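Take a look at the structures below.
Here come two complexes built around chain A, the first alongside chain B, the second alongside chain C.
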Partner chain A sequence: MTKHINKQILFRLLLVLLLSVLAVGLGYSVLSLPLEASGLSARVTENLDASGVSHPVTAVLLNFRAYDTLLEMAVLLLALLGVWSLGDMHEHRESAPGVVLDMLSRLLIPLFVLVAGYLLWIGANAPGGAFQAGSVLAAAGVLMLLTGWRPSVWFMGLPLRITLVFGLVAFVTAAVMVQLAGWRMLEFPLSVAGALILLIEAAATLSIGITLAALFLGSRPPTDQATGKRTGPGAKK
Partner chain B sequence: MNIAFFYALTGVGLFTLGVYALIVYTHLLRKILAINVMGSGVFLVLVALAARTQNAPDPVPHAMVITGIVVAISATALALALMLRLRDASNHIELPDESVE
Partner chain C sequence: MTLLQWTFDIVLGLTLLWLAFRALTSEDLFKGIVLFIAFGLLMALAWVRLNAPDIALAEAAIGAGLTGALLLAALAKLESATTETSATVKDENAEGLNSKSSEAQSHD
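Let's turn to the complex of A and B:
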């Protein structure tokens, strides 16, 4: 018995030693970086007027490096497809929420939606945008799912899938339309850049929010009448 | 020392702690959490090093981190779903620990 414990302690000591070497190496390389490096901020500031929005992070996300964001939307969708393809999980036991949680969630959900809309709108010239708004929307969805609410069965079929791909489809459509109009792919002409970015962000917010909430739900939701027992708002187990 | 480097070094520390937990713990949930801590460390390094400018911080790493956070959430969700599936299939949620056998 003591031999095994000794072996374990030895293993951990060796691990700590190796990881200290890793930490020192990483720390050294961080500290050896120049004290001041403006990176790409100067170039972003120079071109900010051409982006259609006035907040640099939103400009980078939706205009200068729109490819990243486009592919990131695809990754989100792929993760959900991965979860759905794992098949049905066995039903987890849920307890009915208390009266306070039930009432509070009903009061809070509209506030969540309001905050999400605000974050989406403010993203053009202050910190905010599609990801933040989508996360808030997802938080609202998770809260609703935790308090026992389930979307109605008709929404679980085609409408849910359309909402999930809406952001990606809007993004790709915008990119292709711009290309057909004579610009390069994902190059937004200044006259419509602001409107296009807001449109893409609105679609992305909805899709991100619903996708994250669907990820929280776990397995693919039942679509037929037979398995979808709990429907409608307030239906509890 | 510059405050940006202090945060970056904290990020390095978080990353290393995450690697330690990833290796030591056998419970899959702890491993997933450890990977998340590692990711947070990387995000912290990126955001901290973006602040080494005269005026406003470099927005490009910030945009990368925002994208990264959402990808990390979805990857975590997928990992958790895989973990639950594994538990359903095998009734095990921990990897065999050879160091204590």
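Let's turn to the complex of A and C:
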């Protein structure tokens, strides 16, 4: 018994020790920061004209550090694959919402889509962009799922999967195309940079929206061909 | 910076710390999720105060909105899974329990 308590106290002491080391390290690094850091904002402002957009955040995310954004989208897709690997969807029922919820969602969802489009468009010269627009689109999807709507079976198969990878495919295609045209990978030539960024962001918005909504749906919907097989044993209830 | 802004920032920072603490230590998972959503919304406000509206938008939409919805959906699945398993356990034990209770009643 005393041995057990001793072990616990020892563990706590070790924890306190490690945490103090971490705190000291963090404090030291914060204190050793220069008071007036110039950062990279000056360089971004200098090169803003070469990016094809006029908002510095979008310029960094989709031009100067486009590689990061590309990988972020791949990570999002991997997250969905992780969720899907947990199991198949075993129930596919649609329920009718109440009158108020039905009317409200019919009013709100077009508004959500409009806001998503606005955020996507405004991203070129003000706060906004693909991730924000995509999450608003996903919110519309979540609202629809919560009111009892379920996507039709034909969409849950191949069309859904194509929409999920559409953003990433558009991004990679743009990257490879500029490389084939003689520039470096993900280096957008000024004449087409604005259009390319808008195109990539539009595709990314759609994919991010659908991916996040699919994450909310949870498990993997059956593919078109497998539907016939899966509804048999899947429809236990 | 005016006194009002200072006060607002200090209150915001302390509230964020308090909400984070409450969300992490909450015994009730549902309460923890609601506190997490509140934390996300106030965090968006903090990003606005730091002049980062881009991150504020993303935080409000993804951090508070969608993550909250995902957590609530996960909690609903968790609860339905636990009730299902406990229901099957009850079904299996039902006969034994019934016979025991009837025995107890007969003893009374």
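The rule is simple: the second predicted complex is superposed on the first by the 181 of 237 C-alpha atoms of A that agree within 3 Å, B and C clash if a C-alpha of one lies under 4 Å from a C-alpha of the other, contacts with A are read in each partner's own complex, and residues count from 1 in each chain.
To be clear about the criterion, a contact is a pair of C-beta atoms (placed from the backbone, for glycine too) under 8 Å apart; a residue touches a chain by one contact, two chains touch by 3 or more.
Bear in mind the structure is a predicted one, so any value in this text is a computation, not a measurement.
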item	value
Partner chain(s) touched by A:G128 [first = chain B, second = chain C, both, neither]	second
First, second, both or neither for A:P151, with chain B first and chain C second	neither
Partner chain(s) touched by A:A139 [first = chain B, second = chain C, both, neither]	second
Contacts of A:L212 with chain B and chain C, given as first, second, both or neither	both
Partner chain in contact with A:G52 - chain B first, chain C second, else both or neither	neither
Chain B versus chain C, judged by how many residues of chain A each one touches	B
Chain B versus chain C as contact partner of A:A37, first or second or both or neither	first
Chain B versus chain C as contact partner of A:E72, first or second or both or neither	first
Chain B versus chain C as contact partner of A:G167, first or second or both or neither	neither
Chain A residues contacted in one complex by chain B, in the other by chain C	57, 129, 131-132, 135, 212, 215-216, 218
Of all residues in chain C, those that touch chain A in their complex	53-54, 56-58, 61-62, 65-66, 69-70, 73, 77
Residue ranges of chain B in contact with chain A within the complex	2, 5, 8-9, 12-13, 15-16, 19-20, 23-24, 45, 49-50, 52-64, 66-67, 69-71, 73-75, 77-78, 81-82, 84-85, 88, 99-101
Complex interface listing, chain A residues touching chain C	57, 119, 127-129, 131-132, 135-136, 138-139, 142, 212, 215-216, 218
Of all residues in chain A, those that touch chain B in their complex	4, 7-8, 11-12, 15-16, 19-20, 22-23, 26-27, 30-31, 33-41, 44-45, 56-57, 59-61, 64-65, 68-69, 72, 75-76, 79-80, 82-83, 86-87, 89-90, 129, 131-132, 134-135, 208, 211-212, 215-216, 218-219
